[in-house]
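Multiple structures follow.
The following pair of complexes shares a single chain, subunit A, combined with subunit B in the former and subunit C in the latter.
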Partner chain A sequence: METSLTPRSLGQPGFISDVRAFYAILRREWTIFRRYPSWIIALLIWPLIFPMMYILTGRALSGIDGSGLAVFTKLTGATDFIGYIVIGTTVWMWQNIVLWDVGFALRNEQMRGTLESNWLSPTWRFSYLLGHTGPQLISMTMFILITAIEFGLIFSVKLNGSAWLALLVMLVSIPAIYGLGFAFASIVITAKEAHTFVFLVRGLVMIFCGITFPVSLLPGWMQSIANWLPQTYMIRAMRSAAFANASFTELLPDLKALLLFGAFWLTLGYLLFTWMERRARQTGAIGQY
Partner chain B sequence: METQLLSRPSLATQLYAIYVIARKDWKVFWRYPLNAVSHVFQPIIWVTPVYFMGQAFSTNGQALGFAQYSGTGDYMSFILLGTALSNFILTVFWGMGFALKEDMDAGVLESNWLTPVSRIHILVGRTLTSLLTTTIMSLIMLLIAGWMFGFHPTGNALLAFLTAIPMLIGLYGFGFAFAGVVLLMREANTLVDVSSFLVQGLSGANFPVRSLPYWLIPVSLMLPLTYGFDAVRGILLKTNTLLPIYVEVILLIVFMFVMLWFGAWIFNRVERKVRVLGTLGQH
Partner chain C sequence: MSDFAIEATQLVKKFPARPGTGDKSAKTESAPAPKKKLWPFGKKEPKAMFTAVNGVDLQIQRGEIFGLLGPNGAGKSTTIRMLCTLLEPTSGTARVNGFDIVKQANDVRRSLGTLLAGERSIYWKLSGRENLEYFAALYHIPQAIAKKRVEELIERMELKDRANELVEKYSTGMRQRVAIAKALLARPPILLLDEPTLGLDPQAARRLRELIAELKQEGHTILLTTHYMEEADQLSDRIGIIDTGKVIALDTPAGLKRHIEQKEVIKLEVTGWHTEIGDKIKSIAGIENLMSRQQGEADMWEVNMQAHNSRTAIPRIVEYISGNGTRLVNMNIVKPSLEDVFINLTGKALRD
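And then the complex of A and B:
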C-alpha cells in the first residue's frame, strides 16, 4: 500500500504552522527572559520604592497632626491613602514597562540585526509582537503580586473590597494596555529614536490619569483629555473595587469603557503594524537604524 | 616658533585638554535638541502629580500639614527647588557615571586613554559641560514650572547659589568614584537607576526629611546632600532647617573636600585595576 505524506511545514503557511511559529517565538522570548536574571532585583525593588516617594510626600503633606490627610480623605473618600497611591503608581508602572518591553520589541530585533531575516520567514508577522507579550504578562503578574505582598506586609495595606473584582478590572484592561504597546512598537520601528515618545506617552498618563490624586481636581480641559485615556478608567475602577467595596454593577461603566478602549487600541495597533510592514517593504527601511 | 604639544604635558596643555573635552561635550549636547527639551520637561512631568496631590491635601491653596514640618505652606516652591537641585544628582549618576561607559561603547575610550592627558582631567572636562548644561536646563525648568505652579523665593538668591556650590562640587567628586565603579561593572543600569532614585528621595528632594518614618531619618541625615537641600531652602524659602545654616555650610565644605579626594582615589584605583584586567576595551 502506498502512503503519501503531506508535510505541513512553515513553508506552507496555515493555521497550525502559525501557531507553531507563535509558540517558537514565545519560547525564545521566555529563554531570553530567564537568561538575564538581574530583572529579579528590579522586580523586588521598584514596586516598593517608586510608590514610596509619593507616599512619603503624602506623609509630609498630611502634617504632624494629620490635618492634611483629613482634607485628602474628605475629598477622595479614600480611607487608606497608601493603597490609593499604590494603585495609581502601579498602573503607571505597568504601562511604562509595556511601552519599554513590547514597544521596543521590534526595535531591539532591528538593532540586533535579526528583524530582516525573521521578516523573510513565511510567518504571520504579528506573532512577533504577540510572542513578546507572553513573558511580559507573566513578569507583570509577578510585579503586581509582589507589590500587593510588599505593601500588605510592610505598610499593612488591606483591601476594603473585592480582590476578584480588582483582578477583573486588570484582566479587562489588558487589551487597552497592550494594544497601545503594539501601536507604539509600530511607530518606534518607523521613527527609530523612540525614547522621547516613551517619555511623552508615560508623561500623559502621569499628568492626566490621577495616579496620586482624584481627576476631579484637574481643570476642565485636562479632565476632557483624561476621559480619552484608558488608564483613567483603570485606576478609578481598581480603587473602587479594592478600597471602596464597589459592586460589579457600579464598576460596569468603567469596565465597558475599558473594553471599548481595548478594542480600539488593539485594532489601531494591528492596523499600524500592517501599515508599517507594507511601508517598510516599499521603502526598504526595515534594516535601517 | 616653539610649539607646545600635548605630548609634552604642561599645565597649559592640560587646561587646553580640559577645555577641548568640555567643548566636545557641549557640541554633542546641542546636537540632540530633543534631548535638551526632555531635560526641561521631564522634571515638570514628574512634579505635576505632586502639585495636584498637594492640592488634595491643601485648604485654600495652603498645605497646612506640610507647613508643620517645613515651616512653609508653599509646598510647590519647596518641591521645585528640590527638583532643580536633584537634576544635578541625576546628571552625576547618569551623566558622569556613564560618561566613560559611553566612550567605551563608542570605542573611543582606549584611544583617549593613550593620550598624555591625566585621566582625572578627562573627567573634569566632562564635569564642566555637565554642570553648565544642567544649570541652564534647571533654570529654564524653574522658569516654566514657576509660571505653571508658582515659585516664590523670598531669600537671597546669590547666597543660596554660593551655598549650593560646595554641594555640587562634592557631588561631582562622588561622580568620579561612581564613574570608576561603572567602568568596572560595565552593565550597571539597575544600580544607577535605583541608587539615584533613593539618594534623590532620601535627601529630601520632594519633602522635608523630618516627615520621614523614624527609622529612615538616620539614613537621610547620613547623606550630605540632605544638608545642601536644607540650607539652600532655608536661605531661599526661609524654611525650618535641621541645623543652623552656617553649620550646614561647614558640613558641605567638608563634604566637598572629602568627596573630591575620595572620588579621585577610588577612580585611580579602579582605573589601575581595569588596566591590569585589560577590560577597558570590552563591553
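And then the complex of A and C:
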C-alpha cells in the first residue's frame, strides 16, 4: 500500500488554548446574537410591558387619588410603588430570560446539529455552556439599563439609595441565577423538552418571591418556601439598596445568602452538566434531535 | 505509536430499545421474563436492549482509505460515533491513533477530523471564514497558524469569493465544503467522513471524491462511510461491509468482487411488473438475489438478479415475463459490481 508521512496535528493543547477557545465561543454567540436584529425591539418593549400590567392594576386598586397607596406604604415601607414593582418584575424577567436563553442554549445547538461538531473538538465542554452566559449577561445589562431609563423618564421613578449597592446585589446574584440556568440546560439536553419546568420555576418565583407584594403577606408555609428561593433575597436586597437607602451592613445577610445560593446552584449546575455529558456518551443523546 | 490508525476489538453498543421504532436491522434482545410482582413500587423491570453494533473488529492501516458500507441502521454511524468519542461502547475496546477511545478521549479528538451531519454541523449565521476561525480555536490551533490555515483551506475549497458571506446563503455543496474544511483544520492524521457526498450534485460529488483521493496522498488515514457503491469502489483500499451490527465481509474491492465473479448479473427493465412473476423467476435453478424497484413514476421496473448460468436461465425468464400485461423493455448481462457483492452477502440492496 502506498503511504506518505502521517500529518501532524496543528493543535497545541494547554491553558491558553482553552482560554482562546472560550473566547471564540463568546465571540460566536455575540456575533450570532447581533445577526437577529429583532432583539432590539424586544429590548425596548419588554421592560415596559410586563411591569405595566401590575402598575395599572396597582393604580386601579389604589383609587384615582391614590389614597389606597397608604396601606401599601404601611405594609412595604416603600413610597414609590412603581419602583417597588419594577424591581420585582425585572428580577423575574432576568431569571425567566436566563432559563430560556442559557437553559435552552445547548438544546438549540442540538436541534441545529452544531452541538455534535462542538463536542467533537478537544475543548473543555463546560465552556460551551459558560460561553452562552457572556452575551446573555451583556444583553441583560442592557435590559436593566433600559428599564431604569424608561421608568426614570416615563414614570419619574427616582433612585433613593445607592446605585453601586444595587449593582453589587446584582453581581452577587449572578451565580445563583446562572447556576440554575446551567442545571436546567443539562436537564433539557437529556429530557429534550422542558417548557413545563420553565413555567413551574417562573411560577414559583412569581408567587413565592413577592415580585409585586411583600412576602410577609404570604401564609407561613409559603414564606418558608420563599426562604429557599434566591430570588426572594435578590428582590428584597435590590429594593433596600435602590429605594430604602440601606447600607452595606444592612444588606450583608441577604448578600451572604445569595452567595451561598450561588455556590449551591453553580455546583449543582456543574455536577448535572458532567452527569449529562457522561449519560449522553452512553445514550447518544448529543446527536438526537 | 500503534501500527494501526484505528483498531477496534469486539466493539459492542447496545441501547435501550424504544417501543414502536421498529429497530429492524439490528438485534433486539427481549428482557428476561418478568417475575410476578408482589409490590408495585419495587425495582424497575430490566429494559429490552437493542444491539446497534455487535462485536465489530477493525484494523485500519495508516494512510489507508477504508470504506464502511451498510444499509441504514446497519451500525456504521454508531461505529463511527464510538470511534470519535461521541458514544461509549457497551463493551469492547478501540484505539484511534494509539489512544483509547474511552480513557484518552481528548487525545482521540485531537487526532481526528470528523465530518458528521454535513452541512448541519456548521453555523449558518456565521460566514464560512468565521466558522473556520471559530473551529480552529476549538481545536487549539495557535492564532497565527490558524489564520494561515483558514486562508489555505478557503482557497483549496474554492470558497475565496464568498468566504465572508453567511453560510445560510451558500449552496449545499458549498456548505459541505466548509464542513470538510472544518474537519481538515487541525491537519489531523485521521479523518472520519460519514456520507461525505450525500445530497451533493454529481459535479460537486466528483470534486469531493478527488479531494478525498488527494488527502490520502497527503498521508491522511480516511474512514469513509457511504451509500454509494461506486464511490466506495473507486476510493477505498479496503471495504468492510456491515450489516445488523456486524462486519460480514472485509477485503479490497477487487477481492470482494472475486467472491462472486463466477456469477453473472442479469438486469432487466420491465413494464407491468408484479410480484408473482418475481416468485416464478426465483424458482428457476441458479437464480439468486432477485431485486426489483420501480423507476420514477411510470410503470417501469428495474429487476436485477444473480445467475450461475444466464444462458440456461434467460429463456425461462423471458417466458415468465411475456404476457399478462408485462413487457420486457431491456435486458443486460453484466459483471458483478460491488453492489451485487453486497446483495449477495446481505440479501438486500444498500438503500434498503
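Throughout what follows, the second predicted complex is superposed on the first by the 275 of 289 C-alpha atoms of A that agree within 3 Å, B and C clash if a C-alpha of one lies under 4 Å from a C-alpha of the other, contacts with A are read in each partner's own complex, and residues count from 1 in each chain.
Methods note: a residue touches a chain if its C-beta (ideal position, glycine included) is under 8 Å from a C-beta of that chain, and two chains touch if they have at least 3 such contacts.
Note that the structure is predicted; figures quoted are calculated from it, not measured.
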item	value
Contacts of A:G63 with subunit B and subunit C, given as first, second, both or neither	first
Touching partner for A:L217 - first (subunit B), second (subunit C), both, neither	first
Subunit B versus subunit C as contact partner of A:P122, first or second or both or neither	second
Touching partner for A:T283 - first (subunit B), second (subunit C), both, neither	second
Touching partner for A:S17 - first (subunit B), second (subunit C), both, neither	second
Which superposed partner A:L153 touches (first subunit B, second subunit C, both, neither)	neither
Which of subunit B and subunit C A:R28 touches, first, second, both or neither	second
Touching partner for A:R112 - first (subunit B), second (subunit C), both, neither	second
Subunit C-contacting residues of subunit A that also contact subunit B	none
Residues of subunit C that touch subunit A when the two form their complex	15-16, 61-64, 78, 81, 84-88, 106, 109-112, 114, 116-117, 120-126, 130, 133-135, 137-143, 145-146, 149, 166, 179, 182, 185-189, 217-221, 237
Touching residues on subunit B, where the partner in the complex is subunit A	34, 38, 41-42, 45-46, 48-50, 52-59, 63-70, 75, 79, 190, 193-194, 197-198, 201, 206-208, 211-213
Subunit A to subunit C touching residues, read off their complex	1-14, 17-18, 20-21, 23-25, 27-28, 31-32, 35-36, 112-114, 116-123, 281-284, 286-287
Touching residues (chain side subunit A, partner subunit B) in the complex	38, 41-42, 45-46, 49-50, 52-54, 56-69, 71-72, 75-76, 193, 195-196, 199, 203, 206-207, 210-214, 217-218
